[in-house]
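Alright, structures below, take your time with them.
In the two assemblies presented below, chain A is common to both, partnered first by chain B and then by chain C.
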Partner chain A sequence: MKIKEIELYNWGRYQKVTLNVNVTKENNVVLIRARNNQGKTTLFYAIKYALYGKFGLKNHKNQNEPFEWINRQAAAKKDGEMCVQLTIEHDGKEFRIQRGLKFFQTNTGSEIQTDGKEKLEIIDQEAGKPLSDAGKEIAAKQNWINSMLIPLDVSQFFFFDGEDIKRYTDEPEESVKTAILRVLGIKVLINAKTDLENIQKIFNELHNKKLNEQSKDEKTKLKLKEKQDQIKEHEIVIEHLTGALKQAEKLRDSYTEKLRQNVLAQEKIKERQRIKDANHILDKNLKDNDITLREHRGISSLLLLHPLLKIIDSTEENPPSKDQWESKTAQHMIYEKFEKCVCETDIDNKIKEILENKVIELRPNPQAQLKRFVEDIIARTMPDSKFSELRHAIQERIRIQGEIDTNNTIINKINQELSLGTPDEIVKMLKDKEENAQSEIMKIGRDVERAEDQLENLSKEEGLLKRKLEQAIDSEELKTAEEQKKFVQKVRDGIQKSIDAYYKLRKPQLEKHVSDVFLRLINMKKLYTGITIDDDWEMKVKYYDGSLLPTYQYGPSAGASQIVATAFIAGLNKFAQKAGPVVIDTPLGRLDDIHRTNLLEYYNKMSDQVIILYTPTEINDKDQVILEDYVKEHYEIIPYDDMPDLARIVPYERLI
Partner chain B sequence: MERPQDWTLTKSTQSHMINSAFAGEEPSIYDEIIKKEKLFPTAYHFFALGLVYGILYNKKSSKPRKHDIIRMTLISEPTIQDVINACYMILDDGREEKEIVRDMLDYADWGVEALHKIWEKNGSFQLPILIEDAKKIWEKRVKELNNINLEKL
Partner chain C sequence: MKIRKVLTEASDEIKKIIDKVEVEEGLPKGILNEIYEQELVQVHRENRTPYVETSLRELITKYFEKK
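And now, the complex of A and B:
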């Protein structure tokens, strides 16, 4: 799927906007820049709303209902319609998805009233009419979008907010896990297994009913009834035990979590120490720099005088050098009593007179003396290079001081987080509690096992009794019911095996995808070897020595988790069977400079169509050069001069 | 590179004492900048900067100079010798050496006090800015100075 055009009517800050976002294979990036609160996120959610209605809005921090996105100015004027329209290309065909709702004139400040009927149309552009395959009901049309384009839960790997994706590196929520299973193709199998379990229950009940109706052996039937009652009781016991087991596991997990947080705190303490150590080195560097600067300051009088020395250096000697040379030469020739000149001319009285006239008095002249002195100083001291050294030393000082300040900020932040620190006793106490909870889990686990064994025996006995009843009955109907039951059981077991096998096959592939992207995004490739994903989809960064680090420990910056999360999303995106546009709001989030370039270099490779909504501080003019070759369209969202609450989208000229 | 020549000042001038209104017992500017803050290798390095700064702005201090810093002959840093010599030659208008040297000390005191104010205000001397600014100021100032051939400037 590719989005070719976006049209907005009375959506958020936009009253009417048509935006061409079509891309080519070579130029697959659309950049949309906007300052904060200008309409960037509004545009992002417009795309999600067009595809998924109110479900597309659920991740917005406060506007989760469609009516909250209606343009207020339009509603204040008269009744109208809010509509978002996407023209898309899918499997070589062009479709138009229109979604919107009617609103009534509403006073400014009041909650906007609507007719409550959301309209969704999917139009086949070639035929020029609604797509019949998508059905008539809104649910059917939504189903078409989910099944043919991108399913709602999977869409989070296509449309995402750079600042929000850090949540993927924490323990993922259930909805994220479901989406991952869907992307991996396992969700279909799990659904099939659940369906079969339901069918199995129906067949079991049917079989029991037939057996009961057709058998005349009342004694065995009574025994069977008793067994089945016992089985039910056991099932209830097992259900209780399983509940207790879950509770105990929850308790244990809460201790584990607290312990983890304490361990985290200890890690933070270590991190703080590491930063303090770094600061010690920086302090030493600062002291060295103090000495260097003192030396440079020592000769700063020369540097301050240097512009004047340069002026003096550029002055003429007085008397001019040529006169001085001629005078000295004439004096020498007279003194040495030259009879001939170098040109073989005889030096007669007339020439001698000329020579004598050339001899001018060369008293030490203060101006000439100063000039020569200055020439000498400049040649010896090279003030220009000394000035460069001074500037370098000052810059170095600013850099070192800046690093120390940053480190101190981090240390203060860690101190705040730790507040009173982490006494070892708390860790010990938590460990004890965790162990106790674990013992309880083991105990209940054994009880469950025992109850399950008993249940298995009861089920066997039930089976024997049923067979005894069946043997006495010669009924085709009963045989069919039995066969159906067995068949469903076999298929169910087969699917479970497939799920296990498929999971084992797919998960390492996903890990490889995620690791590949991660290694592309980081600079210190020698230190990290990839990402591991555990069975609960929690990610860890693999350090070169084989140890596994929590994602936040990758790199020193606050944006470290974003790199891992981006790698995860990009990995899942590549893994999804569906091809779709990637739309990124706040692409660089809190990322530091180190990763900015890597991420920007990677974004265009994420999909055949990448739409990036950014702020000028996130991607500056220099950064844009990285993407320049891939950009098809570059827009800017700006307010109207006379209506600052309304936004318009205009071409941004820099790259095009 | 080795210095090719000796002090330009005459022997008698070399024996002049550098003194200042801002040296001596604490609290004094020299004491603060040199001993406490250790911002210059020696007092005469700071003196030389003050001297050039005073000449640059053509401002002299009129405060009585009470405290000795160093005798000129004892200055061992060739660059500072060069700077002092250059300043002397720039200011040399045919007056007696003693008078010129006295002027130099007045210039230096004004410069030292002005630099100290900059340092107090900004926490640094802002040397790169001072040096950049000096380019323009010298262009005007040079016209007032003797011993510089201005004919073709």
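And now, the complex of A and C:
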């Protein structure tokens, strides 16, 4: 199923809105931006209302009835109609779902009056008429939506509020459990089991009735009646005791969990000591390094020698080298009285004069002296090797300091994690409480066993009394009724066996789906290996060492459990294998930056169509870059300038 | 309304399991499968009593009489 268009008439803050939300395979995201209280959630609930009527509104904090969503301004003016329409594509066909309510003119401030008759139409767009398959009655049409599109309870895995999804993580409520069973495909079998149990009751009553009618043994009948009343009482007692047992087990488990955490705390204290010892050695290394650096400080001026030599070399000599060379050569030739030049030219008076002119007065050159001095020192002190030693010492210092800083961060983190109080005292107290809870469990367990034994005896006695009555009556009818009962029991057991086998097969698959998404969304991937789901659908995060953390302890922030919940929803959504749009209100809630990025990178992969209703503080312009390749439409909900209570939806232009 | 897979593609796996259970438990062939097919279309029904008292009861009686 894909939503192509949403039309709202007199719904909440909207008087008339048509919104194209169609997407393509490549661009499957629609972004709708709005500041708080501008109409974002109103639009979210409009979609749910169109599909599920008042049942779609049940999770809203205060507007659970359709009349509460009627536009007040419209109702103040005149009678009218509130209507939400969704144009959808399903299995290659286009349908329009219209749901609405007529309202009467109502004074501002009063409860809006309606005709009380909700109208639901499912139009086959191609045929241009109501879809005959969906039936005529509103219940039949609703059944079509539930069975063909997305069932109401499963819809919570498709349409969800990012801030509200934490309720999935710790102890899911019954409706969530039912939805999970439905997604897993087990709900049908569980219904079958319950229905068969009801058939058993019918056959049982029928059998009892026949027995009662046909037997003349009033005394035994009276006894049987008494036994049956006792059985009923015992069943109630067992139900209460089982409830109490469950509570006690929960309490015991909570102490066990706290105890485990305190054992962990003690391990953490040991770990902290180990790190402190390591830091002690590192501190010593740092002091040694200080000495090395101090020693090198004395020779630091040597490091300037090479650059100095370079400067000397690059500076022009005065007089220039050529003039110096010519002067010295000429002096030598005159002094040695050369008659011929090296080029065999005779040195006559004219050339002698040229040579004499070449002779200049050469004084000792300070630059050359400096150069020789520098070269001499370089040769003696070898600054290159000193520099290498110094560089090594500095690098070592950076490494040691880095390790100390990292260790200090870990120590601080451990300090934060360790709650106040002495772990030993807390462990003792928790052990006592755990033992008490365990004793209580044993006690209730014994009571349950006793009550069950009594019930078994009563049932046997009931059976004997029934047999006594039956023996007195030679009725084929009664025998058949008895056999029927046994037959239904056998069928019911067969269904239960199928449930057990199927559950065993499917639950690990769901865990894998949820774990895959979870590992994709988290930051510290090395620390966790996945999510486990117990038989009560409570989720736990699996730590790398195999220990299990309840989701509320997985991360320090409220956002962390949102990650687990999102993984759970995404896993179930993936598991449902039903092509449906994902509509998310408040997608990022209170997540930190890295989780936000991970989630934004994941959202477009959740479904073929993803509609995200966000506030500017949740997804800023920078975050939008992550999604922009997938965005098909981007809208903004804004109030009318002259009517601030009414909203309109316009294309959003990002300011660059 | 024609019976179709509701929501999941689990039906085939469930049918395999219930076929096996039918044999193991010595139940009449096809009974669990037929119950499952019927339940599939009833899954969204809130009030189940009419279904239990009519269709399901008839189905059970049919297989019981065959037995």
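Please note the rule applied: the second predicted complex is superposed on the first by the 362 of 656 C-alpha atoms of A that agree within 3 Å, B and C clash if a C-alpha of one lies under 4 Å from a C-alpha of the other, contacts with A are read in each partner's own complex, and residues count from 1 in each chain.
Here, contacts are C-beta pairs under 8 Å (C-beta built on N, C-alpha and C of every residue); 3 or more make two chains touch, one makes a residue touch a chain.
What you see is a predicted model; the values in this text were computed from it and never measured.
**Student:** Applying the touch criterion given at the start, work out whether A:Arg297 contacts chain B, chain C, both or neither, answering first, second, both or neither.
**Tutor:** After superposition on chain A, A:Arg297 lies in contact with chain B alone.
**Student:** Identify the partner contact of A:Ile311: answer first if only chain B is touched, second if only chain C is, both if each is, neither if none is.
**Tutor:** first
**Student:** Would you sort A:Lys542 into first (chain B), second (chain C), both or neither based on which partner it touches?
**Tutor:** neither
**Student:** Under the stated touch criterion, which partner chain does A:Thr381 make contact with: chain B (first), chain C (second), both, or neither?
**Tutor:** Once the two structures are laid over each other on A, A:Thr381 reaches chain B alone.
**Student:** Tell me which partner A:Lys371 touches in the superposition: chain B (first), chain C (second), both or neither.
**Tutor:** first
**Student:** For A:Ile394, select first, second, both or neither according to whether it touches chain B, chain C, the two together, or no partner.
**Tutor:** first
**Student:** Contacts for A:Pro151 in the overlay, against chain B (first) and chain C (second): which applies, first, second, both or neither?
**Tutor:** second
**Student:** Which residues form the common part of the chain A surface touched by chain B and by chain C?
**Tutor:** On chain A, no residue contacts both chain B in one structure and chain C in the other.
**Student:** Hey, which residues of chain B end up touching chain A in the complex?
**Tutor:** So the residues of chain B touching chain A come out as 1, 3-5, 8, 38-42, 45, 48-49, 51-53, 56, 77-80, 82-83, 85-87, 89-90, 92, 125, 127-128, 130-131, 134-135, 138-139, 141-142, 146-153.
**Student:** Please name which positions on chain C make contact with chain A in the complex.
**Tutor:** Within the complex, chain C touches chain A at residues 1, 4, 6-11, 13-14, 17-18, 20-22, 24-25, 27, 31-32, 35-36, 39-45, 48-49, 51-53, 56-57, 60-61, 63-64, 67.
**Student:** Per the contact definition, I'd like the list of chain A residues that touch chain B in the complex.
**Tutor:** Chain A reaches chain B through residues 290, 294-295, 297-309, 311-312, 314-318, 366-367, 369-371, 373-374, 376-377, 380-381, 387, 390-391, 394.
**Student:** Using the touch definition from the top, list the residues of chain A that touch chain C in their complex.
**Tutor:** 133, 143-144, 146-148, 150-152, 154, 182-185, 187-189, 191-192, 194-196, 198-199, 202, 483-484, 487-488, 490-491, 493-495, 497-498, 501-502, 505-506, 575-578
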